[in-house]
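One chain, chain A, links the two complexes that follow: it is found with chain B in the first and with chain C in the second.
Coming up: the complex of A and B.
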């Protein structure tokens, strides 16, 4: 195993390698071995886990508390699993403000209340001053699958439509703006729980898979899907919903919006004949009002993702290797 | 909410207050609201979560990998839940040794293999150098209750026997010895998965509850039980299995073995008539060969724990408020 670099935590190629190395030390990956965002257990529950290290802890549109809940809720939602229970591990630095912790927990509790989720178990640890920066939250969410079909990238077929539920990169751009003191009054993280947005899609037999575009952004999800399905994906830059503030931040800092983290933006793949019907459902929810078709699955160039650029050329969308913004989530 | 002190992470009085404050920010605690070590879900699974920050990461008898697995496995086992699935969140410092991570994961995987546990989902984050000390692991374990009865402190009745499965404090003393460079060649952490030890007790209708004595040690478990059951507990110091190395470390450093952390020592409460039968079963497993009766539940002094000392006096066993050894688990 390599020594760890920031890239190993970026959600791209190195993270995938790290995960394979960890599993390779002798773990059985059991019924969750399909490398999707959550594991479907034979007992009829599904489970996912995520650790959150975001800095700053509070940002326009959310904080580490709401983020930790949304992140795990969304990992369940993408597989058609209704979020029901939460387990939470909190690691805090000695001297951490009680008032700030209370605000963060209030924000986390509010996401849980909105979705009817119970906090069933938890753990708190305090590390001596200087041994951890502020506060880390790990959330493990559990829920009940609301569809009999197993949603996942292995369902993808050539011709399938790829939709995006909103403009990508708002979480990453908000964190970057907060960290670099950029003035962007109208830019907010997209941090939101997506269960209510995607639940109505579960009755569509044409739904193939969904994935929230967190670390690594839309680009990474497209690469993961094409690799997992051994199919190609073609997307068009001009079809991707655009947020001008995100593009301004990217222009200033040299980031690519395609790889910027989202926390309330999902990629949805459906059989082509149901594209319009799916868009109508997504757009009826405020979180999906910008939903758009951005491309198609193809039998050509399996395992590779191409993008027709605004300039009309075609470029390869590759999985990112390094890390643009550490501690984005 | 108060600003956080190391005592808030020590597993005693302040930790209990912190947990109540967090829940008080607006969480529903749902079906897991009985403050036991794991939550029993109506779907027939149970879940527990724990974050591990131990330093040094490797110690005689284990490392943070085996500890993280044993800690969560034991929280399930104490409620009669067979550990089956594990979710793991890893937060590492940039530059962390790949070789060390591999050894730690091998050690974690070996505990899982021993018990037939699958690692069903996971997450990895890397924080920039200096922002977290080395490696933190959060484990969320899931399993199936193997008894129809709900094991918990509310089952305690006056007269019940309190047993201890082994000599307490070996984990805490090992960590202290490693941290202060004390020479103790024969002292090892008791870190071990306890499922196989306690599973045979589940068929005893006389079994009231079990609790592994982790942070806060045996003393804290006794205090929690007496408070949760609104009953008194009387224990005898001379009946507590004794490890001479633990006592040497305690004498040198001024610790009380009663409050030192264990990671493979459980308190077991049974109806008095089954005391001997329970001890025979426990002693048939190498992890329980020192098992002993250490005291009884009493209707007197509800909510308080008394200990007859070696000197023959009686003292109050109170819940610890401060922190003897931060980052013990």
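Coming up: the complex of A and C.
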């Protein structure tokens, strides 16, 4: 394969290729080898792992500590797994501020406390200056599935409703705003653990699958679902919950909110007859108060996602490719 | 989003009711190209309207030789290359800035010329080179920053000045008999600076309808409707359908700053060849900030990648899917030509919003 560029880490098509070429070197994926973020293992266990690095480390609405916990918690939650145990690796650069590290760990611990998760093992490394950019955190979360069913895109059927739990893009827009010095006093990352939000949905037999829309955003999740299920998805732009600050940042930098990272926004697919019931449950939690039906699965155009735009036109939603870069003008 | 007060679907109906023969318009600006796709506007056009994409993506019209010069500069030791993000992935004759960064070159993404100057001020032990790319949108910012650098006597800052002027390129396109353009949808951002008059020759001398448009769906449809009306009444004009941002006189302060700092020179555009007096360059006392001069690098003509049709696409002679490389060897993941690289390039937009150019009819 070609040498790695930052585009391979951006969550789109290149990341998918990178993962395939890693697995292709001779690994057996074993049980749970269905390319989901969280693996369902025998004997009622499930596991996920994720590494976190973010610039800046602290941003409106969170920091790398809360991000590292929420990321792994949400990967488990989306497959109906109650997060119970956490293992954490911390790689820090020589000279890293002890006070900052404590603050970051405090923020990580508060996420674990909120959900009754124990930190059971971990590892720390300090690297010579310049060999790591500040701080790198890896979290591995373990839990037990609270449903007998395997949630995943292969459950999708034509007619299923696609719901979104909140307005997309707030994490990506907050980071971009901080990185490019844009002042947006009312914009906060959506970084939040989603277990309590989605747990009540697990009793619904009509629940097909859930995904947190992290790197690559809502657009990427829709594309992956339609490809994995070999079905089409049609969404309506006017139904997608909208955050004006996110749109302002996107207008300035030339980004599309559909592809901006979220850290507390999930896509949920349910059988159409349970749409209302699901929305009521989601909206009863503050994290889901903006939850909305945004579209449907269709047997038309398998593998492709269409969107009716605000203007009334129709466009294709494709996977983003490479690093999102601010445009020239 | 609706800022003009008109409903896009009503405008689309009006466009269909007004057009009375096949017309070819060109949207000059890459931001328009992307906005049209992102909002699915093509599905709202009348069949008789053909809209071709023009050379309005600054990344795309940067010539191969200019990109090679940027790569040679970035490869030098102790240079920080500060660049707008979308220049990172443009392939030169060998490699791109992104690849050089992966190999250790100090390439930083900035969103303004001021940020580049800031890097120079904070790193006095190193030379910072700003890759000055763009039209009359970004050129004034470069001019203002150079004036600051001159006043503050900042000696470790220089600019690879590749800025280009839009009106001379429009003249070249308007004169192309193969294109037979009936109207230009003129760029909103560039016109904020230029105002209306610099385009006047298009209507008066060349009898081409011109309408300046904003970037929301209603702005674009309103601009197109205005073009159709100008053609129907046979009264070509230059009209601003974007009055909330574009004043008739433009921004005289920004133009004055550009006039103080930049000279004009003939410059090569990818696809359009050398266009007389279309380049902004650093002359006289300003040449001390010219990165080419400071580091002894020159821009030489280099051929475009073999088989790449970016040139014909930028001229509007081909639609992206008509390029033999499109969607095959040239994709956003491994672009051959710059139109597939930039977020605002026609090929990338066609690819992204049409799944390789053939999905529009299926969704």
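What we mean here is this: the second predicted complex is superposed on the first by the 324 of 329 C-alpha atoms of A that agree within 3 Å, B and C clash if a C-alpha of one lies under 4 Å from a C-alpha of the other, contacts with A are read in each partner's own complex, and residues count from 1 in each chain.
Basically, a residue touches a chain if its C-beta (ideal position, glycine included) is under 8 Å from a C-beta of that chain, and two chains touch if they have at least 3 such contacts.
In this text the structure is predicted, and so the values were computed from the model without any measurement.
The wider contact with chain A, measured as residues touched, comes from B rather than the other of chain B and chain C. Looking at the shared chain after the overlay, A:3 reaches both chain B and chain C.
Contact with neither chain B nor chain C is seen for A:149 once the two complexes are overlaid on the shared chain. By the document's definition of touching, of the two partners only chain B reaches A:38; chain C does not.
Of the two partner chains placed by the overlay, only chain C lies in contact with A:301; chain B stays clear of it.
Within the superposed three-chain model, A:101 lies in touch with chain B and out of touch with chain C [touch as defined at top]. After overlaying the two complexes on the shared chain, residue contacts for A:283 are found with neither chain B nor chain C. On chain A, the surface patch touched by chain B in one complex and by chain C in the other comprises residues 2-7, 323, 326-327. Across the interface of their complex, chain C is touched by residues 2-7, 13-14, 17, 180-181, 232, 234, 253-254, 256, 300-301, 304-316, 318, 320-323, 325-329 of chain A.
If you check the complex, the residues on chain C that touch chain A are 1, 8-9, 12, 31, 34, 37-44, 58-59, 84-89, 98-99, 102, 109, 111, 115, 133-135, 137-138, 189, 217-218, 221, 331-334, 342-344, 351-355, 359-360, 362-363. Interface residues of chain B, counted against chain A in their complex, comprise 1-10, 15, 18-19, 21-23, 25-33, 38-39, 41, 43-45, 47-53, 85, 87-99, 101-102, 105-106, 108-110, 112-113, 117-128, 131-133, 136, 138, 140, 142, 144, 323, 326-327.
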